[in-house]
Structures are given as C-alpha cells and as structure tokens.
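We call the chains A, B, C and D, going by the order they appear; numbering starts again at 1 in every chain.
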Amino acid sequence: MKNQPDKYGHFGIFGGRYAAETLMPALIELQEAYKAAQKDKTFRKELSCYQQDYAGRETPLYFAARMTKALGGAKIYLKREDLNHTGSHKINNTLGQALLARRMGKKKVIAETGAGQHGVATATVAALFGMECRIFMGEEDIRRQAPNVFRMKILGAQVVPVSSGTATLKDAMNEAMRYWVSSVRDTFYIIGTTAGPHPYPQMVRNFQSVIGKETKKQIRKIAGRNPDVLVACVGGGSNAMGMFYPFRNEKDIAMYGVEAAGHGLNTSQHSASINAGKVGVLHGNKTYLLQDDHGQVRDAYSIAAGLDYPGVGPEHAYFHSIKRVNYVTVTDREAVAAFSFLSLQEGIIPALESAHALAYAMKIAPKMAKNKIIVICLSGRGDKDAQTIIEEKLL
Amino acid sequence: MKNQPDKYGHFGIFGGRYAAETLMPALIELQEAYKAAQKDKTFRKELSCYQQDYAGRETPLYFAARMTKALGGAKIYLKREDLNHTGSHKINNTLGQALLARRMGKKKVIAETGAGQHGVATATVAALFGMECRIFMGEEDIRRQAPNVFRMKILGAQVVPVSSGTATLKDAMNEAMRYWVSSVRDTFYIIGTTAGPHPYPQMVRNFQSVIGKETKKQIRKIAGRNPDVLVACVGGGSNAMGMFYPFRNEKDIAMYGVEAAGHGLNTSQHSASINAGKVGVLHGNKTYLLQDDHGQVRDAYSIAAGLDYPGVGPEHAYFHSIKRVNYVTVTDREAVAAFSFLSLQEGIIPALESAHALAYAMKIAPKMAKNKIIVICLSGRGDKDAQTIIEEKLL
Amino acid sequence: MSRISEKFHTLRAKKEKALIIYLTAGDPSLAVTKELILAMETAGADILEIGIPFSDPTADGPVIQAAAQRALKNGTTLAGILEMIGELRQVSQIPIVLFGYFNPIFAYGTKKFALAAQKDGVDGVLVVDLPPEEARELRQYSDAAGIDFISLIAPTTGSARERQIAAQTAGFIYYVSITGITGTAAPVIADIKIAVDRIEKITKLPVAVGFGIATPEQAREIGLLADGIVIGSAVVRMIDENRNNPELVKVVAGYVSKIKQALR
Amino acid sequence: MSRISEKFHTLRAKKEKALIIYLTAGDPSLAVTKELILAMETAGADILEIGIPFSDPTADGPVIQAAAQRALKNGTTLAGILEMIGELRQVSQIPIVLFGYFNPIFAYGTKKFALAAQKDGVDGVLVVDLPPEEARELRQYSDAAGIDFISLIAPTTGSARERQIAAQTAGFIYYVSITGITGTAAPVIADIKIAVDRIEKITKLPVAVGFGIATPEQAREIGLLADGIVIGSAVVRMIDENRNNPELVKVVAGYVSKIKQALR
C-alpha cells in the first residue's frame, strides 16, 4: 500500500489542510517539528518511557475465555486500552503531542472534548509537563459528563463551556479552533482524534499505532500468527486507526470499523459518517460528514458520547474508498447489550464506545470457526458510563 | 525476622482465629486449601497469568520528577497500583481468593466493602469466574459511593444494604460474617484486607506481596539498589503489607504506615487504630482497635472511605510492636492537599486513601538528601473521589 | 461440683430437661434484667445465660443485635453486669452463664474478669468468638476461678473437632442447632437428633441445644433428644415487645413456665 | 478587468479608499439583505462581501456566528444567495465577493458553483478555509469563470508565504488585522502599517484591511495605510440590533455613509 498521506496531508482525495490562513503557518511549523521529532531518537525514547512508566503500557492482550465460550465461535482477544492511565487510549496521543509541544517550547495547550476522555487525558499531560491547559467542552456535555469535568478541574485545567451550536463536541472543536486562531503563537492545540488539518490525522495515527504494534507482537507470541479479524469502534477514528494501521499491509486480515448507529440509520439520530454521510470539509480536512444537501453539518448522536461526532478521520474515509476496512454500524441498543455482556462474562466494564466494537464482534464471532482469532480494541473503561446505564435502567 | 504467623495465625501476640464455632471448620479448611494452593505450581502460574493479562501487572514504578523537584529532597517513586484493572490494589487479592474459591469448588462468593473498591474488585472476579456474588455494604456508604454501587450491579453482583450499627464498613463486615455463618458450606468469603481470622491476614498479605516484590525488582533495575524509605497508607493494611512484607528483612529500609487522622487525633473523628487505639479482638483477630474503655468498638472516620475502619491488620500491630514499621498519621486536610498536589504536579489523581501516604512522604522528603529514594504505594486512583472533592469545595 | 453440673444432675434425676434462657443484660435496664431473672427462675428456668452486650455481635441475628444496641445505649457495662449478678446471688442460686464476645472481657482484663466473676457468683462463661484454639488466655484464669468454660459445637464442626471440643469443655456442651446466626431459622429435628446422639457418644457432659427454638412444641421435641434447650431470641423479642408493658415480667414468666411445662 | 479591479482603479484615481462591507446573507432574510446592499451602495459602500452562512464558522466571532445561525434557520442556501445576486445585478453593478467556508460550496459542486456565480454576476470569492494549498479544486473552475480568487494574509503568515499568496491572488489582498476571529479585538495601527507596507512591496494588488474595524476613526486611520478597509461584525451587529426597527435599512445606510466620509 502506498504511504499516506502526501506532503499536504492527503489520503487519496481525503484529508488535506483546510484551515484559516492565521493557522496555516502554525500547521506547517507543527508538521516540520513533528517530522524532526519523529526522526529524533531522544524524542522516541522519551515517549516510550512515558508510555511505559506513566501510562502503564504495554497494555495486555487478554484472551476472553468466557466470552469466547459463550459466543461459541472465533477466539476473542481484547486489547486492553482501558488499563491505560486515565482509562482509555486517548493518553497515547496526548503524551505524544504534549512532548512535541514541550519540544516546540509551547507552555500552553488547548483541547476540545466531548465525553471528556480526551479532555482528561490532555489535562493530565498538561499537569505532567507543567503546562497551562484550557479544555473546550459543550455545555450539554459538561452536564452529561460531570465526573470527567471534575477530574479536569482537579488536574488544574480550565474547562471552558461552549454554548454555541448544539453545545456538544463539534461546537467544542469549533470553539477550540477559534481560540487557537487567537492564541496560535504560544499555544499548542492537542487534537484528540485522527481528525483536524494536516498533520494531525497522520500524527495522531502514529501516536496511536502503538496499539496495533503491540497487538501484533503479542498475538504472534501467544498464537504464533496474525489475527484473522480486527474490530474497533470509530468516533473520530483514533483507536481504530491505531489498531488497524500497523496491520494495513497484511492482506489476509479483515478489519471492521464500527460506527455508531444510535437509534438507527433510518433515523437522524446516529453518528455513522461513513455509512450515512457524504464527502465534505470540516475542521480542516475532507472526509465523510453528516450533512444536509446544502453542506450544513448535522448533529451527530450516539449513546456513547465519544462517538458523537459528525465527521470521521480522513484516513478512514480513504480506507473505506479503497475497501481496506469494512465500516459497519451498531445501534445504541446493541452496544448496551454488549456493555452488559462483557461486564457479566469477563468482569470488565467497557466504555460504551468500545461496546460498539464488542457488539459487532458478537455478531460475527459465532459464525467463525473456533480456530479463528478476533482482536477487539477495548478502547476504554466504562466507569464513566455506569451511572447512565443504571439510572436510565438500560440493563 | 521469624516467619509469621504461627500455625494458629499469630503474629506475636496479635492475629489468631477468634471466630464462631460454625466458621472454624471452614477457616481450617481454607487454611489447608490455601497451603496446598501455595505449593501448587499450576495455581501460582494461573494467578500470575491473570495478574498479567487481566489485571495489567506489572504496574509501573514511576519516577515522579516534578513532585521530587517541587519537594526538593529525596527522589520519589510511585508504585502505580492505580493502574490495575478496577483501579486499585484490591484486585491483586480478589484474583487470588477467587482462584482459590474455584479450586475449592465454591460457586458463591461474598464480600464486605466500604468505599466500594473491594466490592468492585470482588464483583469483577466473580463475573470473571462465573460465580454468584453478594456484596455487603453499609447504607451510608451506598449513598456516599454510588458510582461503585453502579459498577457492582453492572458486574452482576447483588449489593446488600446493611443498616445495622453505623451502616458503614465495620457493620458491612459484621453482616458478611453473619451471612457467612449461614452459608459457609457453599460460600467463599473474600475478605478485602489483611484482617479477619486466620488465614486471611496471611493470605491477603501474600496475594498483595506482588506489590513489594515488583517494587524490589524494579527499583534495583532503575537505581541499582533498594529504596531508603517505603510509605503506604493503612486502612486494614493490605496495600501497605503488600509493599512492606517483601522488604521486612532489609534492615536499612525505613517503613511508614500512614493511618488516617481524620479531623485530628485529639478528636473522636479518625481511624488511627495503632496510634490512638488499644489492643482488642474484632472480626476474628487480635489487633489494635478504636474502642471505649469497655471494649465496645468505636466508629472510625476518615475522608477516605477505604481507611474508615476501626481495626488494623494484625501483622501491622505486630510490626508496630517490634518497631519494624513506623505508624504515623495524616489528617483529612493534609490528605486533600496531597491529593491536589499530585494531581497538579504529575497528572495523577490519587485515591484519597493513597493521598495519605503521599502527604506523609511530602513531610519527610524535603528533609532527606537528594540521593535518597522514597517509594510510595499509590494504592488506587482517585476518580471515585473527584466528585466529593469538587462538590465539597475542598480544593 | 459447679452449680451448673449440680443442676443437670438434679434434673437428670427428675428426668427433666434443663430450660436455659438467654437474655441480654441491660435491655431494657439492668434493674429489669435482675427482676426478669428472678421471675424466670420462679417460672421454671433452670439456667440463665446473661448476654454481655457488644457493639459488633457477628453471630447474632437482628433481634439480639438490637437488644445489645439498646443495652449499650443504656450504658450497660460488664462491670455493671457483674455487680448485678453479685446482688442477685444474695437471693438466688440459679446457675448463671455469662454469654458474649471476647472483646469486652479482654478490655476488662481476663484475670480481673475471672476473679470478679468468681466473687460475684458467675458459674460459667461462653464466649462466642473464643474457640478452643484461643481459649487459653481466658481459661488460665477462669478455670482456676472454678468457672465452667462452656463451648459451642456447630453443625459444621465435624467429628474429630467435636471430640476435641468436648474434651475441653466444662459445665455443658452447647449444640448450635442451625448453621446460622441466632434467631433466624427453625431447627430441623432430625438433624439435631443425629448430631446430639453423636456428641453424647463422645462426652459425659450434658448437651443443650439452642438457636432458633421458640415454641413449647419445639422445646418438647428437642427436649426429648438432649439434656436441655436454650431459648434466646424468642425471650429477647418478648422483652422488647413488652418494654412499655407494666406486665412485662409477668408476660415473660408466663412464657417461661409454659416452655418448662413442655420439658417436664 | 473585473468589476473589483475597476473599482479600486477608479478609487485610486479619486484618492479614495475602498469601503468594503461584509454582511451575512439571509440575516434577517434574503430580501432584506438585498435591500441592505442597495442602500449601502447608495450610502457609499464600494464593494460588498456577502457571507454564505455555515453551520460551523470556525474563523468567526460570536456576532457573525449568530448571524449565520439565524440565516440558516431562515432556510438560507447558497442557491438562494446566488439567485438574489442575480436579481441584484439587474439594478446594481457594485462589485460582489462571496465570502464563506468551503463545505457549502463543495456540497453545491465547485464547477456548478463557478458557472452559476459567473452567470449571476459574482465578482470574487473568498473561502476562509481554502488556503492556496487546497485552492485548485475550486480555482480550476472559478478562475476560468473569471471570478477573482481573493486570499487572506494574516499577521502570522510570514514573508515567504505572503509572497506566494500574493502571487496567486486576484482582485485584492485581504489583510487580517488581528490574530484572532472576526469582531473580537481592536486592530493595532502600528502593526498594520508595518504589515501593509511589506505586502505592498511584493504585489501590485490592492490591499484591504479587515477584522475588528468598527468606528469612523479606525476607518480613517487604517484607510490611510491601505487601499481599503473591510467592516463586518459592526454592520452585522447593527442589523441584528435593528432587526425589528422599521428604519433598519436607513440606520445601516447612515452608518455606512459616516464611515465612507472618513475614507474620502
């Protein structure tokens, strides 16, 4: 497979750098700083030290014996990103970007957040490196995700409520970009997923690729071979890309990116940008978007706040276009069932985001032979979701 | 140092097996089953596999550079038990006991819980091994620790509210013992700390010793030598014992077990059993207890629900009696300050329990030379406490 | 011979079974406890178990837990209980067993306790959470003071351990008739028969059966199998239910005499 | 020569500075937008920037964000805007720049857009999030249609990049006078002077300065430095504040003429 993206950040026809001129120089500077850091052994060493001693990597690749037995088909392995410091894969990326910010001499960082996982992961690395931190978060999400707001505040971050638009993730990202336009000289914007203008999608992908790289090593050690199937949920797409990318050239491996179908693709309440969106430009890149006929972006919906985004990383759009990855969907209801299933079968409460990946694996595993191997990216823990599930009597 | 305990579970004059006759045969059976399991390679192997692939061990020994610098004295390392599955060291023990229960053919487990951490860790392993699970929890704690109650329910456990006494941990343990008396034939009681009748204190100590064993290996690799000081908080004492025990014979290492001074030792609002209690017998063992002159056990208090216990593991009482470990105290206020300090300095939100250990280390580190090494047992993460801290405006 | 052994001796001669009554000292007050004891003696109680209230009674069901809490709220202490028994001894020779958990005794001081108990006329002691393995620290003093150390045997005990316990017990053996805490389940007669038969083969000590007995019918049935029966929760509940009834003592005495009738 | 170049040409000859007014199409309605344009032309506006409302205007401050939301609520579409301009062209030759974000244009179809814009009399296009690196996909059609592709230069741009942008721009260069979003800060004159002097050295194109200009004083001061000024948020705010005022058009026209006076 051709190496992507090109030097302007294009993955096929997707990606790119659709940004206001005020930001363009900063994006180019970032791209160059990142390229230099990539080549720098010290940087790579530093990052891998923090990943290990601080974030707790490598995360286990756990054979879910009871789940496998209950489903009666392929062997199921879980890549345990839920065990990372702060509770999800998000820290893989924020550690990388914060180290880069430090290298670039930036003392302030900003980020957008929806569920609050990326906000917490950013506030965390900001504290770790003594940086000032501002997190943009929709007012609606602040209400829904109070525990993560508390965590960010305790970590010393300023949580900036965003009331524009629908007061959710998309608007938080808009507001973060606006703030960045005003503060770009001394501020590093830590984007939380494989979205945004070039070089973000590439950079986030690379920082998250530790997931797939470890998985490859681990499964070969455990099973002596590659998995047959990879499954990961797709919000912006960072955990999925982190898992898929290192396996992209292994032609025999089937990959499933699971989008949130919310109340169903036949309703307007979902977040399935690839399955039900059209190509467009938002937040600096060209990709699949939920939008109306006039190019106005629609609100996304999912029970999993972290999937609640109307776009998707441009490299996923590309993988879809070349049919390398199958993008499928799972409804709220199916995700909640999978959430409960894993909790009861394995004593692991998954994030509702990750439950989408589990739900899809639960559909295909029973139809696969017992010697086949599925690896699911368990992108985060579900502590944050427990209250919703119980209080809304979803179980 | 003489190997402790003796065959009746005595650590010096402490410990023992002060239990109702109905339970005695079960305790003896347990002791024998445990002894056999200890000798069984398969059991040890199995436990270590689950510790690694499921719980995420080994946990990092993290050099807290910014904290060290801010305090200006000894080098501070954090043993990251907060990164374990379910968020604290409790899983080390519940995995061990649940595997033992399975070996003994028990299909039902029970446990007491205060903060809910042990309850969650028990509900987790019960799900993992397909066992029926009942968690006894004081009504007051159910109210205070709702998120953990949600987690237990999602994991399929039945949470039994206990309204007797002060409706907190002590009463939950009373009620668990009562239930056990009635169900002892088919039910395994997973005690959550180094307390209870023999063989629990010894067994829990051994399951938790993985903390100290890893620490020893890690610090020798990092620094080429032993640490100078170990610090851990002491509720029932399991994380502290897990850290201290493997180092007990290394005479040069100073050890500090930190009890909760709550509102101050001069008030009745604390949990400092060793520092402010007297020897007595509760929950099956002889140890230091908070009690009145007539041997009635007093309520314990701490802002950290997990330290809120009027007794302490008998081996700690013993280590106190032979002066192997220094038992010191830290107030609510100091713990909250340390909670905030670590969050802001290192991006790690500690459990309020662990914050007691941090607070004590913060007192001594500045007075120590820069080449000295302190290892703090960071027994758990503070997500569970974030809400309390913010809502009660403690920061 | 202790007052306890003597009592069983006398009863055996009469072919009567011992009625052992448990009540929590200090509920509703020590003064009433004393009155109740005297009235129950008159009504036919043969031995009294005086419960020492404890903050954490892990072997007791809700009824006796609540009684202990009330007694503690009243300021009941072991010292006060001993004093009350001392006073009682001036008018009554009914065998008295102190029943409780170890910590209040330990806090009082085991040696001091043994001496005071002897002086105040306590005949036996039953410490729920002091199994034979841990008993020495009390018995080194209580045995010397001539106080019977009464042990429990449970349905779970097993025969080797039964033998061991029986060998070390004095006064009588208390067979716990259910696998459970006090006052929470009805005993199963067939199981009790098997157990008591087995225990009687290994010891000459009288065997009393307790936990869960409440009615004259149960008393009669179990009385046929053993040397005595213990009634606890039923009496404690009755005391609580009649706490504001001026006829309290009479009500309880009436109940006791009905039970005793069943045992004659 | 395009209407835009012609306008600057004429103004230069008169030693006047161009007054460029931005307003969001469809706020409060497309009909009123049309009325406003005509009135502003009469009042002295030289060029109009017609904002295409977008759901996610990441370079705009609260005033223009809110205007876009109102316009979208009214059902304003790019097709409607083009149609309105087409109508306008029957009565006015004022140079018109379509100003907006790329997605609505992309959704409309870039080729279709260029042809329609040409047909309806659009003179220039300024797409905030379409930097030179990405511009080809639009310019391949819009250049061919004779529509000026106007670019922004920001205070952050840097000289090499300024040169590159200038070389690719047509119509005029829009110098963004603050490092920030629209309508959120007042420009600093001294900084603008340095930047505009530098830009003028590398291009023959007229340079207009915008972002944050609101008062006649600011207009005059900045007018002295550049070929034109752009006023946006101030007008949009005025439209919103007078939305229910029957004198809306008059109020806005009055403001425009006051500003224009300052530029003469």
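The working rule: contacts are C-beta pairs under 8 Å (C-beta built on N, C-alpha and C of every residue); 3 or more make two chains touch, one makes a residue touch a chain.
For clarity, every value in this text was computed on a predicted model and none was experimentally measured.
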{"item": "Distance-maximising chain from subunit B - centres being C-alpha averages", "value": "D"}
{"item": "Separation of subunit B from subunit D, taking each centre as the mean of its C-alpha atoms, in whole Å", "value": "67"}
{"item": "Approximate Å spacing (C-alpha centroids) for the pair subunit A, subunit B", "value": "35"}
{"item": "Where subunit C touches two or more other chains at once, by residue number", "value": "none"}
{"item": "Touching two or more other chains - residues of subunit B", "value": "none"}
{"item": "Chain contact graph, described as a line, ring, star, complete graph or other shape", "value": "line"}
{"item": "Touching chain combinations (by label order)", "value": "A-B, A-D, B-C"}
{"item": "Partner subunit A, residues of subunit B touching it in the complex", "value": "52-54, 56, 59-63, 66, 80, 82-85, 87, 123-128, 130, 146-147, 150-151, 153-156, 339-340, 343-349, 382-383, 386-387, 389-391, 395"}
{"item": "Residues of subunit D that touch subunit A when the two form their complex", "value": "54-62, 65, 69, 72, 77-79, 101-108, 128-131, 133-134, 151-158, 161, 165, 176, 179-181, 184-185"}
{"item": "Subunit B to subunit C touching residues, read off their complex", "value": "8, 16-26, 164-165, 170-171, 174, 177-178, 181-182, 184-185, 278-284, 286, 289, 291, 293-297"}
